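These are the structures, in structure tokens.
First chain A sits with chain B, and in the next complex the same chain sits with chain C.
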Partner chain A sequence: MTATHAPARRWRPPPLIANPVLRIALIAGAAIYLALALGTVEVNWARLSDGWARGLRFVSGFLEPNFSRRWDDIVQGMIESLTMTVTSTVVGIAISVPIGIGAARNVVPRPVYYACRAIIAVSRSLQEIIVAILLVAMVGFGPFAGFLTLSFATIGFLSKLLAEDIEDIDPAPVEAIRATGALWPSLIAFGVLPQVAPRLLGLSLYRLDINFRESAVVGIVGAGGIGATLNTAIDRYEFDSAAAILILIIAIVMASEYVSGLIRGRVK
Partner chain B sequence: MPVTLHPEGGRSWQRRTPRGQIAVWFGWLIAVAFTVFCWRVMTEGTIWAFVWDAPTQAADIGARMVPPRWSYFPALLKPLWDTLNIATLGTLAAIVLSVPVAFLAARNTTPSAAFVRPLALFVIVASRSINSIIWALLLVAILGPGVLAGIIAIALRSIGFIGKLLYEAIEEIDEGQVEAIRATGASGAQTLAYGIVPQIMPAFAGISVFRWDINIRESTVLGLVGAGGIGLNLESSLNTLAWPQVTLILMVILATVVASEWVSARVRHAII
Partner chain C sequence: MLTIAGLSKRYAKGDKALEDVSLSIPAGQVVGLIGPSGAGKSTLIRCVNRLVEPTSGSIRLGDTEITRLGGAGLRRARRRMGMIFQEYALVERLTVMENVLSGRLGYVGFWRAFLRRFPQADIDRAFAVLDRVGLLDHVDKRADQLSGGQRQRVGIARALVQEPDILLVDEPTASLDPKTSRQIMRLIVEVCAERQLAAIVNIHDVALAQMFVQRIIGLKAGRIVFDGPPAALDTPALTAIYGEEDWSRTIREADDDAADEAAAQDAVRILRAQAPAAAVARAL
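Let's look at the complex of A and B:
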């Protein structure tokens, strides 16, 4: 029996974009854009070589962080940041639960739905730092402005995700509660909220994390917290103090991610 | 589920035992007390007169903000282009840097779970913990103000985001296909290219576009600390109390953010 060989064929993986014209156009467009973009980035090489020494100082600051020089400022900033995080998360949750319910298409009438979706859209489209600038101009410097900013940002985040969860719930329990003749509040309390409670807890813990991270940002524009301390340290080129603050932020975020992972694991 | 029998013969049920109920109640008490305590500590230095004055201030600023100064728009085009470049080039740099980090961090592709993986995870956490505007603050101090500091700041922040989502996607792949490729006698690199990469490609493209969208949003404010883009104009307008210009800049930022969100939603929809 003689073996017959099929003509050798080379197999190629299928391309990500099937249409060849679109693929080539996209690649060409990307190449032109890259050339234009790289062409307009102005790089001051003299300034960069100056910066090299400072960059090395920052890296060595990370290896030998200086916690003691600004210790009092760091403690004050951390207390402000942490209290701001807790209060804004609690207030944010308290406001976003009703708005989240209102923004779920399956449990409220249409006008309420549109109103709540509008609130969410406004809160989500304004960045924290811009809100912080406006609020500092209105209520003055300090952590209260930061608290307002973070609460405002929490509403957009939490309501949107909560509303999406409520829209995805199993309708059968809601139907069962409705069949008992329950009114709308009981329907929400016994049919809807128990189904989304574990997710709500998870999202709240996640937002607590985000709010702590953001509390370091709002301080840059005067809204209190560890960001103000960090800003001062960097402005004075005290890279070892700045490194100490950054290490503390990373450590707290890591610890809170670990704890919230444990809590979420137990609730599930 | 505890049930109470009444002497008259009725029954009523409760969700928790009395002991459980007390525990839940006590938990709430501690949570409320802690929040109130935090509130007291936080508002110690607050000057309430300023806070009560806020509506007047808001009305005052609002009145100064209209009408927007439309004639300022042509001056915003170059900063807008810079903003777009900061976000796009920063995302590209982050993609290049985060792919190896993700493969080192994923449990099924890391060369050493004991030494390399914790290091890669630390890189991801460190990058994610620090907001791009803080990276920008540092880089402006180190490199001087300009677009380059913004690009690097965006890249440093995005490594953690893309790296985390990508390594989770790598850990969730179907091992059967990898096994099948390996069974043909493929080398490690070939297994990677034909067994793993095709499985994570859609997730990877989606994550990258999603991060690009977030980066557009973040790069609009990086200029506040001197890292280039439209934020620089916002900073100078705020400093000179040119409120009509601030309104126009905020409107342009809002339009950019909405447009980028639309583009990213369309692209992700096409991929997935």
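Let's look at the complex of A and C:
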């Protein structure tokens, strides 16, 4: 009964930012900036009402997709795109794995780490479209430019995520393998790669998927594939054909999503 | 077999982990290294195979000065030192056999390792040690499917397949239940007797150490404060290592346990007596 006499001890979780003045100032500052930023967004209501009708025409095209009119072009574009996707993913992975290992702080000396991080930074800072425009100028129109673009983009993506995964591995088995007197490549093959294998497989499948979608985008700037076909259809206001192409792209992406889910479920 | 002289280790932040440690271990002797957390036990055994770089001092394994080795020389020296870890340190996604064969990585080239095409002699060695630790039925299981005791047996097999001269054992029983702990300690002591291996065993459990090892070294704050047979580890000695505490129960329990373990100790003693003359000669 002594508890009734003692004052209740209150407890609140400690705040993220201990200083109350700083905490309130940061929250208020963020709110004011958001309000001002929203105020600067100009909305042209007249243009919006115009565009509404055009958008509707586009959407109505989707309601009656026309697969037959450009069927030969579509097949040709799809074959180009799929070829581009598979080859660029395979080449990209083959280059990404060594760069990803080199960009993991815990398994390589500092100079190698910085060199590989630099390669990744370059690959990631150049957006696919910009690379595609550059490469189309260099090697000409067609799927070869697309293949180079997607391979280049895969390196930035896969190397970075693989390197981060390697930096998170359990260091104990690596120490144990090192203690046996193993060569450095054997250390990687036994101590590191088995730990990251499921993640590497998952990322590769995901990148295959991204490369297919990107192949449609880079085609618009002249790098071949289904994107080129799509671009032609839209330029000619053939929204029904464009709709057919988009539906096929969505179907292929969904199918690859399903298959990669099955594969990832099997490998743990 | 192993001679350490004047070994010191200072970490970059200035913490002194080891201070002028000197000791010598003959072949076939199992030494228990005890001491409070942070006393430098792990640092000491990691200095021996240079997973941690010593600051000064000398470490000799047979005729080889370990501290001055670089690159290939260090890898060759590491092949002669088997290491066993607290949390087993197995590659969990690899099979038992692959984990054991990883003990031969110091001897095989990269492509053989990468393609898992180990020489038949290494595969024979791996089957032999798996038989010795009692895991022949689990050869192709993944390491993460095994129990703690079984995993530590894989760890022991990986160290033995190196055919080392010395075992460096870091808290082998810290993650195991009391019964499995005894089985694992007994296995380590037995294989050391069979193969005339020197061993340093870091261990927190004083009673368990007294039960199995022939010699105990006590570390406190990086210095050796006790070095003697398990029987000499009395209240003043434990106070010197760990500080003031009621040690009477620890010591009495150890005596009781020692009686329980008499049979096992006898077996080990017989094995030592029977150790081939050649092995004894090599040890000398």
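Annotations
Throughout what follows, the second predicted complex is superposed on the first by the 214 of 268 C-alpha atoms of A that agree within 3 Å, B and C clash if a C-alpha of one lies under 4 Å from a C-alpha of the other, contacts with A are read in each partner's own complex, and residues count from 1 in each chain.
The criterion applied here is as follows: contacts are C-beta pairs under 8 Å (C-beta built on N, C-alpha and C of every residue); 3 or more make two chains touch, one makes a residue touch a chain.
As the structure is a computational prediction, the values presented were derived from the model and not from experiment.
Within the superposed three-chain model, A:Leu183 lies in touch with chain C and out of touch with chain B [touch as defined at top]. Contact with chain C, but none with chain B, is seen for A:Gly191 once the two complexes are overlaid on the shared chain. When both complexes are overlaid on chain A, the residue A:Ile250 reaches chain B alone and has no touch with chain C.
When the shared chain is aligned, no partner comes close enough to touch A:Ala228: not chain B, not chain C.
Looking at the shared chain after the overlay, A:Leu38 reaches chain B, while chain C stays out of its contact range.
Judged by the touch definition given at the top, the superposed model places A:Ile120 against neither chain B nor chain C. Once the two complexes are overlaid on the shared chain, A:Ala104 sits clear of chain B and of chain C alike.
By the touch criterion defined above, A:Pro173 reaches chain C but does not reach chain B.
In the superposition on chain A, the chain among chain B and chain C reaching more residues of chain A is B. Shared contact residues of chain A with chain B and chain C: none. Residues of chain A touching chain B in their complex: 13, 16, 33, 37-38, 40-44, 47-48, 50-51, 54-55, 58, 79-80, 82-84, 86-87, 90, 125-127, 129-130, 133-134, 137-140, 142-144, 147, 213-214, 216-217, 220-221, 227, 230-231, 234-235, 237, 242, 246, 249-250, 253-254, 257.
Residue ranges of chain A in contact with chain C, taken from their complex: 170, 172-173, 175-183, 185-187, 189-191, 194-195, 197-198.
The touching residues of chain B, when paired with chain A in their complex, are 34-35, 38-39, 41-43, 45-47, 50-51, 54, 57-58, 61, 81-82, 84-85, 88-89, 125-126, 128-131, 133-134, 137-138, 141-144, 146-148, 151, 194, 198, 201, 205, 217-218, 220-221, 224-225, 234, 238, 250, 253-254, 257-258.
Residues 49, 51, 74-79, 81, 83, 85, 87, 89-94, 98, 102-106, 108-110, 113-114, 155, 158, 162, 168 of chain C touch chain A in their complex.
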